[in-house]
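Below you'll find a set of structures to go through.
Next come two complexes, and both contain chain A; in the first it sits with chain B, in the second with chain C.
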Partner chain A sequence: MGDFIHLLVSGTATGAIYALAALGFTLLWQAAGVINFSQGEFVMLPAFAMLFGISFGLPLWLAFLVACVLAAIVLGLGFKRAIADRLMGHGVIPLVIATLGVSIAVKSIVRAGYSAEAHPVPSPFPGGVLSIGGINVSYADIGTLVMAGAIVIGLQAFLNRTVTGRAMQAVAQNTESARVLGIDVRRMVAYVFGINAVLAVVTALLIAPTYLAKFDMGDSIGQKAFFAAIIGGFNQTRGALLGGVLIGVLENLVGFYVSPAYKEGVALALFLAVILFRPEGLLGKAEERKV
Partner chain B sequence: MSAGLRRTVLLVAGLAALVAVAAFAKRSEVYLLTLTLVYLMATFGLNLTVGYAGQMSLGQAAFFGIGAYVAAIALKAGIPFLAVLPIAGIACFVVGLALGFPALRVQHHYLAFATLGFNVLVFLVMRNEEKLTGGTFGISSIPRPTILGVSFEGHLAYFYFTLAGLVALAAALWWLLRSPWGRAFAALRDNPIRAESLGVNITAYTLLAFAIGAACAGVGGVYYASLVEFIEPGPFHFSTSLMMLLAVIVGGSGRFFGPVVGTIVIILLPEVLRSSSIESLKFMQKWYLVFFGLAVVALMIWLPGGILSIADRFRKREAPR
Partner chain C sequence: MTATPGFLDVRDVRKAYGAIKAVDGVSFSVGPGEIVGVIGPNGSGKTTLFNSILGQIRPTSGSVELCGEDITGMSPLELARRGVGRTFQTLQVFGGLSVRDNLIAAAQEFKGTLPGRLFAKPDAGLGHHADEMIELFRLKHVAHLPAGRLSYGQQKLIDIAMAFMPAPRLVLLDEPCAGVNPSLVDQLRELLVQLNRTQGGSFVVIEHNMDFIMKLCPHVICMVEGKVLAEGKPAAVQANPAVLEAYLGN
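Up next is the complex of A and B:
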């Protein structure tokens, strides 16, 4: 029982990290119709940026803030201006292919220009475990849950309670009507790209201490983000959360009770089951075909 | 000379040049050429899925791997090569149907995610099921074929054997695309709604195109296993699938010879750079994937039809309006 609860908590923590990456992914899809196949690299780059910051003597929190600013500029606005803007409106495939190209280029730049090794990244949370009645929970898991939870709640509050947030939702729901209502669509879309980039930095901060910073660390996190987004429902922000946590918990349980070798297959199995029985995703609403 | 005749002459000349060049090439160069041909079988198949049926498949390397492992196990069990080819092809066809069915039933770009996950899973099976696949140690001493007493053991003989196989596969695909079936593939890519209203069952045809593409990869895998004589999970990682997809797109998806250009760019060129003795070319090799990735982005922005569409552009400019 102690094992089970421990697996549940750490799985939820890992799942919360997947959910953050998935959240950015769904926001981009909703607001701009962009499927970003370099989402994983958007997590990998900030991990290395923070390592650089630390190697110049910055404390972790400052390195994190610098990485957030850089990411919002480069991975947010830069990505939008240089690539997404030119390909939006030409269907899904050209953007998918272009972001695959970005993914390969970025990975190769890090490998050829810096290092192919895995680098340890300091954790923002203290080490050690908290024992309550025979159940061990690490401080890192608790910290991850608190931080991810705070960010999700903060983001939801921003999207639901502020004028800008509601304008962004309007753009996501119906771009044309939003424009007619006088919403600055371009600006809102730019914000979404920025938010996606910052979410990626937070994901990096939380995942890099466990999974280490490596040029190909984005492969796995990027895939989990897609699957989490689809499992939960591509057109629902809450769906990304549910999908992420579901994958994180089930991976942990399968890894422990069935076979650690097939842990990575859990997300696919869940995805196939969901699209067979509930194609719009667990929390999604069926979309009408846009012709 | 008509365009069709000119194309045939070019094709025959190209094949003849390839046959002649291989006869004088070094052993390692022949090996590399054979490897390119083997990958071409997989990318030709993928072009059917991507270029003609308009679907994204990110799992071609998984089918390539299934073909290779089926071949390794069957060939070592003494089953003749020509019997292994259909076994591997049909196995991949069936797996393709089973995977494509749930994904294509929903939304068409879901196939990309399903195939990507499938590739990860197949890789895990190859690595973990040691009894069947040898795990990370792989399967070694896979035999090359002997057919009707003729041995294709030698590197040059095996090159010609593979070339014949590729030409046969390409001819079959060419015939398929000229048949009413094949025209339906193109129709549903160009305008799915119109095709549907004309009575083409979109889902069935798309699924079929995907499964046939998978079968081609399976056949390529058989030739691959016999070529390298030792297989392990590495080459069948999903990153190979990405490269195969990009090969089709870079060459020009939906153009019959697009995969030839793309496969040269992703398989042959980096190897040529690696084996070069010139320092600056070696430097190029290290940064090759960076250039390649950026080139893909640039291509999507400025030349989404791929390298082979350059000719069309010029032709369009010359043509009076």
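Up next is the complex of A and C:
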């Protein structure tokens, strides 16, 4: 029983990290109709940016804040202007191809221009474990859960309880109507790109201490975040959270009770099952699309 | 032509798709506070005319002026900032937001500065006005429900209420009665008359419900095949043999 609860907690913590990246997928899709297949590289780059900051003597928290600002500018607004703005309105396929291209290019540039090695990244949380009733939970897992939970609650509060958040929801739900009512759709979409970039930095902060900063570290997180978003429902932020946590928990349980060899296949199996039997996702809604 | 030109002036607007002339040289004016009806059979170019006036599509030629300012081809956002609103044939409510939040969202961008909006109170100071509109449109019992869960007729009322939330100077209503229970049509007409009286804006209304448009609009334009076939007082347009022929055939 102790093992089970431990697996559940650490799986939820890992799943919360997937959920943060998946949240970016769903926000971009809802507000701008963009699927970003370079989301994994959006996580990898801030990990290196933080390492770079630390190498200049910055404390981790300051390197994180600097990475957030840089990411919002480069991965948020820069990505929007250079790629998304030019391809939005031409359907999903050009954006998918372009973001896959960005993914390959960024990985190659980092590998060739900086390093192909894995680099350790300090954890924002203390080492060690907390024992409660014979169940050991690492401080890293607790910290990850608290931080991811705070980010999700904060984001929901922003979307539901502020004027700008409501305008962003309005744009996501009905862009044309929002435009006619005087809501600055372009500005709201820019905010979403910025939020997605900052979510990627938080994901990097939480995952890099385990995965290490490496040019291809985004492959796995990007893929699982995409699966999580599909499993939960691509048009539902709550769906991204559910999908992420489901994958994290099931990976842990399968890895422990069945075989670690099957762990990496869990997300793919869940993804296939959802695509076959509930393509709109567990919490998603079927969408009408003009063809 | 209406009595007080110079508020909205549509001059020789044309919109062609290849060889098809969807709007073919339409001109008319709307005075301040005036309600003008636009009728015509399906495919006569009414909605294309609306879209040309409202920046959804750019007219092939011609001009649109609001209070003397050329607004031809302006984006819907720029027009909204100038006090121009519209409703669509189809529902355009934000289904996931409550009725009250829909109304607030419809007017909030006109309030305050950017930092102010980022950290403003959730109702943006518009809660009282939204409650008044909810009362006026008899939506109090569903005010806090997500708009997407309500009946088509109720969503249509929300749609119209949203267009009037920012107290626009000009509103273009595209088939406000479409899909509305006939028992609500008179109520809707009374609401529009009341809003016209209290807010003082000008309305242009596309509608197929002749009884509704004849009672609401002192001035009516009939379009056929992209052109203005007849215009004037409702009874005169209704009795015009060319209009009857366009609707009923020979």
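Operating definition for what follows: the second predicted complex is superposed on the first by the 289 of 291 C-alpha atoms of A that agree within 3 Å, B and C clash if a C-alpha of one lies under 4 Å from a C-alpha of the other, contacts with A are read in each partner's own complex, and residues count from 1 in each chain.
Methods note: a residue touches a chain if its C-beta (ideal position, glycine included) is under 8 Å from a C-beta of that chain, and two chains touch if they have at least 3 such contacts.
All values derive from a computational prediction rather than experimental measurement.
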Room on chain A for both chain B and chain C (clash or fit): fit
Which of chain B and chain C A:Thr203 touches, first, second, both or neither: neither
After superposition on the shared chain, which partner residues are touched by A:Ala105: those of chain B (first), chain C (second), both, or neither? first
Of the two partner chains, chain B (first) and chain C (second), which one does A:Asn252 touch, if any: first, second, both, or neither? neither
Which partner chains sit in contact with A:Gln169 here, chain B, chain C, both or neither? Use first/second/both/neither. second
Using the superposition on chain A described above, determine whether A:Thr144 touches chain B (first), chain C (second), both, or neither. neither
Report for A:Gly182: first if it touches chain B alone, second if chain C alone, otherwise both or neither. second
With the two structures laid over each other on chain A, which partner does A:Thr14 touch: chain B (first), chain C (second), both, or neither? neither
So in the superposed three-chain picture, is A:Leu268 touching just chain B, just chain C, both, or none of them (first/second/both/neither)? first
On chain A, which partner touches more residues: chain B or chain C? B
Please state the minimum Cα-Cα separation between chain B and chain C in the superposed model, rounded to the nearest whole Å. 15
Considering each complex separately, which residues of chain A are in contact with chain B in the first and with chain C in the second? none
In the complex, chain C residues that touch chain A: 54, 75-77, 80-81, 85-86, 88, 92-97, 101, 104-111, 117-122, 124, 162, 166
As the complex stands, chain A meets chain B at residues 35, 83, 86-87, 90, 92-98, 100-109, 112, 219, 223, 226-227, 230, 259, 261-262, 264-265, 267-268, 271-272, 275-276, 279, 291
Note which residues of chain B are touching chain A in the complex, please. 54, 56, 102-103, 105-107, 109-110, 112-114, 116-118, 120-121, 124, 127-128, 193, 238-239, 242, 245-246, 249, 286-290, 292-297, 299-301, 304
Interface with chain C, chain A side, in the complex: residues 160-164, 166-167, 169-170, 173-174, 176-185
